[in-house]
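The two complexes that follow have chain A in common; it is paired with chain B in the first and with chain C in the second.
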Partner chain A sequence: MMIEINYFINVLIGGLVVGFIYALTALGITIIYGILQIPDFSHGNRYMLGAYAGFLAASIAGNMLEISYIAAILAAVAVSALVGVLSYLLVYRRLLDAPHITSFIAAIGLLMLLEGFALAVFGPRYQHIHTPFDYMVLVGALRISAQRLVILLSSIATIAFLFYFLKRTITGIALEAVAQSPIGARLVGINTDKITLIAFAIAGALAGFAAALIAPITLVYPIMGAELNLKAFVICVVGGLGNIPGAIAGGLVLGIVESIYGGYFDIRWKNLVAFGILVAILILKPEGLFGKKERRA
Partner chain B sequence: MLLEVKDLHVAYGSYEVLRGVNLEIDYGEIVSIIGSNGAGKSTLFRTISGFIKPKSGSIRFDGEEIAGKSPEEIVTIGITHCPEGRFLFPDLSVYKNLLLGYFTNRRDKDGFKKRLEYVFEIFPVLRERINQRAGTMSGGEQQMLAIARALMPKPKLLLLDEPSFGLSPKLSWSVFEVLKEIKNDTAVLVSEQNASLSLKVSDRAYVIELGEIRLSGKADEVMANPEVKKAYLGI
Partner chain C sequence: MNWKIVCPTILVLALLLPLTGSSYAIRISTLFIIYTIAAMGLNIIIGYTGQASLTQGAFYGLGAYVSALLVLNGWSFWSSLVVAVAFVAAVAFLIGLMTLRLKGAYFAIATLLFNVIIYEIVDKWDEVTRGPRGLFGIPSPAIEIGGVSISFSGTQNFYYLMLAVLVIMTVLYWIIIKSPFGSIIVAIRENELLAEYAGVNLTKFKVASFVFSAIFASVAGAFYSAYIGSIFPDITSFVNSFAFLTAVIFGGAGTLAGPFVGTAVVTLINEVFFTLAQYTVLIQGIVFLLAILFMPKGVMGTYYSRKAEKGGELPKRAIMGKL
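Now for the complex of A and B:
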């Protein structure tokens, strides 16, 4: 009995870990969508490039695991944020007045471009980022991987910080204002261009952080971004595109469903079941779990 | 002069919406602009507030040329625009809407509190609704919030487009009464379908037709003009 409960809790923690990684990535997509109404299909590759930046930084930083892992996290966050900012400045900003479909196509182009870049530069091999938290800790009668605990705690802290930023700081409130009414934002003197830039930087940073957290467990490879991207998008749609709590809830639901199904049933069917549930949610509630039907002013 | 618009031309593509508009507003004035739908009132407002770039002509505010500046710069200079359609932040509270109204002066925390008290005195209902989401309020309350938001940064000039839209006659009247109270700090250019209402509180008025100013003068003179009576006052 004890063993079964322990197993279940570990499966649940595994689900939460993956779920938070999904949530951090989906948050970026939903924030960008909120501001520009563009589904940024290239977002997953910010995550992937962040992971490679982390891998490179860790290799350069040397053998001290504590230092190299911190270097990996910082590099991943910085590079992903930078790729986000550049995607806006070089691509999306130029398309603001173009028909919406142009930005969709550009996003897909950007997705392939970044993936091709990684494949050409780093090759198809799996790379590894080492973590100093490569051990098990005892919590009561539970043995849990320390890296998983780190992922849980730092994801929760990051999301709490994001909420603080959006709800309590004037820049964060302005970001929500631009998402709700871009014209209203300009009427009160908000520079929407600057806010959009900040949104891309935050979205990128979140993806880079997620990549550096999960890379010691899942490795680093060129299509890691595309794989995650698909899931992150489904999560955003299920949570209601542009809806921040929805992206978090959707990510956690997908992570936990996947993990429980993989832990108790045939792991090969994991994606099918998880996506099946997400599609079912959409059929029952087309506007998403937290979505609203009204449009913005 | 606070605002001097000279020979202003604005075109959408090849269609000229404003054809050489001249208009002036002095400090402490309430000025009405009267015209039917499509006459160019909203275009004039959007051009002054920086949302539309003029084709030619000059807009001087407080002695400075402002034609072609961005909306952000215009707000910072001291002109706010409360447009038809309001463009509030529907999911944010009344408080946050007003906080954002003060965005251009955001570092001045004490100034914000004073302005907040000021707009709450003008529109006491907003104080009661301070934590309510803007989008859940009645149309009249939203209109008051939109005007209050535009007053937050203590503008020198308020561009008020159709303020009585969605308001009961009684509320409309109290909004216009408010204009008289604020006009010493904030001059007002107001466009209004209900011309008789806005002319009663205005100092001067302009009549705009097909993108041109057809008539201007003291509000009571404009109100007494037989053509204006027939076309806009329904008398």
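Now for the complex of A and C:
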């Protein structure tokens, strides 16, 4: 009986780890949507490029695992943020006056371009990022991988920091103001263009951080972004696009459901079940589980 | 451009193409025709009804799979084609009913999810579909007229078969767009609320055009499987949906000739970069993004806009505002 409970807790922790990665990525999509009302479908590939930047930085930084892993995290965050900023400057800013569906289609183009870039430069091979936390920790009678604990703790810290930033700093409050009413924000003298840039940078940084955290476990490969993207995206829709707590809750729930399903049932149908549930929610409650009733329009 | 001259000229040139003796040109042209049929269908739902569907690749792949499975189980190609089209139309009807009350990007995301779900089923249900091992040895279609049997196994025969199919599908496409049905879906695209107040049953017409688009995709898919002779689950992936979308957007959504022009470009890219397969996605992405940024109405849409600026007339169903 003891063993079964241990197994369950391990499955649960696995779900939380994946769930936090989903949440960090979904947060970026939701923040961008809040500001521009654009469902930024290329977001997952910022995560992927961040992972590659981390891989490159780690291989340059040398053999000291601690140093190379920190370098990997910093590079991933920086590059993902940069890709986010560039996507806004080069693509979305040009389409501000166009209907939102044009931006959505442009995002698909960006998704293809970024993935094609990674495929052309790095090839389809799997790459490793090594972590200094490559050992097991004994918690009670439970053996947990240290990397998983690192992911849990740093994700929680990041999300707490994000909330502090949004609620307690001038820039964060300005960001919320733009999300609520771009015209109103401009009237009180907020530079909406600058705030939008900051939003893209934050969204990118979150994705890059998530990538650097999970890469030692899942490896780095070109379609890692597309795989995550779809899930992160639907999490946002289910949580209510633009709804920050909704994105976090949605991410954690999907991670746990997937992990429990994979831990106890036929793993073959894992993706089908996940997407089936998501599409059912999308159809039955298009405003999202936590959203207001205006999203259908 | 005077279409009464251009269309027959292209058709005659197409009929004469095998005279060049280049089996490479014939092969590419056959693939071009197959992709064009799927892109035409997508144009009905995206260009004319204004709903950004991302399930076209799955319908294409599903058409290929259903017809190939039936043919491999002893059915004739023609009866399996009919069953495949009917099956995909039924699937599209159900998906359309569920998703078409969602608007804009929500609809796009829901259709993309259904594409992934169809892919997962084809990929994982290997008792029926043989999964990632794929289907091999799909026989070519044949036809029997008055005791004489004609096989379409040769490259050239299949090319003429596809040319005939293309003409039939183009006429069908033309009828759909030019009919009263066409003007109603364009009304929905231009102003949904107004169309609804004018008494249009939105769901009925949106679902109908969604089903039409799926029918075109499944026809294309069924002929693809018969032509290539082997298919894998990848054929249902959303990568194909994006490729058809690129063709429609680049060629000009909401213009009759758009899918032809766009598919020509996409097919060309695929062929030019065939030996450099790792660059295909990158190039496609760049073309796609440049098109949406600098030519959001696509080649044909921009052509008509230029003409309109010089005092010419816009075609009746062209997109008036911005895309």
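Everything below uses one rule, namely that the second predicted complex is superposed on the first by the 288 of 297 C-alpha atoms of A that agree within 3 Å, B and C clash if a C-alpha of one lies under 4 Å from a C-alpha of the other, contacts with A are read in each partner's own complex, and residues count from 1 in each chain.
The definition used in the following text is that contacts are C-beta pairs under 8 Å (C-beta built on N, C-alpha and C of every residue); 3 or more make two chains touch, one makes a residue touch a chain.
Because the structure is a prediction, the values reported are computed rather than measured.
Model built by superposing both complexes on chain A: chain B and chain C fit together without a clash. For chain A, the partner that touches more of its residues is C, with chain B and chain C as the two candidates. After overlaying the two complexes on the shared chain, residue contacts for A:Gly276 are found with chain C alone; chain B is out of touch. Of the two partner chains, chain C is the only one touched by A:Leu119; chain B is not. With both structures placed on the common chain, the touch criterion links A:Gln180 to chain B but leaves chain C unconnected. In the superposed model, A:Ile190 makes contact with chain B only, not with chain C.
The superposition-derived angle at chain A (between chain B and chain C) is 90°, Cα centres, a multiple of 10. Look at A:Leu89: by the touch rule set out above, it reaches neither chain B nor chain C. Contacts of A:Ile170 after superposition: chain B is touched, whereas chain C is not reached. With chain A used as the common frame, chain B approaches chain C to a shortest CA-CA distance of 15 Å.
Counting contacts as defined above, chain A residues 296-297 meet chain B in one complex and chain C in the other.
Residue ranges on chain A touching chain C, taken from their complex, read 39, 91, 94-95, 97-102, 104-106, 108-117, 119-120, 123-124, 230, 233-234, 237, 268-269, 271-272, 275-276, 278-279, 282-283, 286, 295-297. Within the complex formed with chain B, the chain A residues making contact are 170, 173-174, 176-177, 180-181, 183-191, 294, 296-297. Of all residues in chain C, only 52, 98-99, 101-106, 108-110, 112-114, 116-117, 120-121, 124, 242, 245-246, 249, 278-286, 288-289, 291-293, 296, 322-323 touch chain A in the complex they form. Those residues of chain B that touch chain A in the shared complex are 49, 51, 70-72, 75-76, 80-83, 85-92, 96, 99-101, 103-104, 106, 135, 149-150, 152-153.
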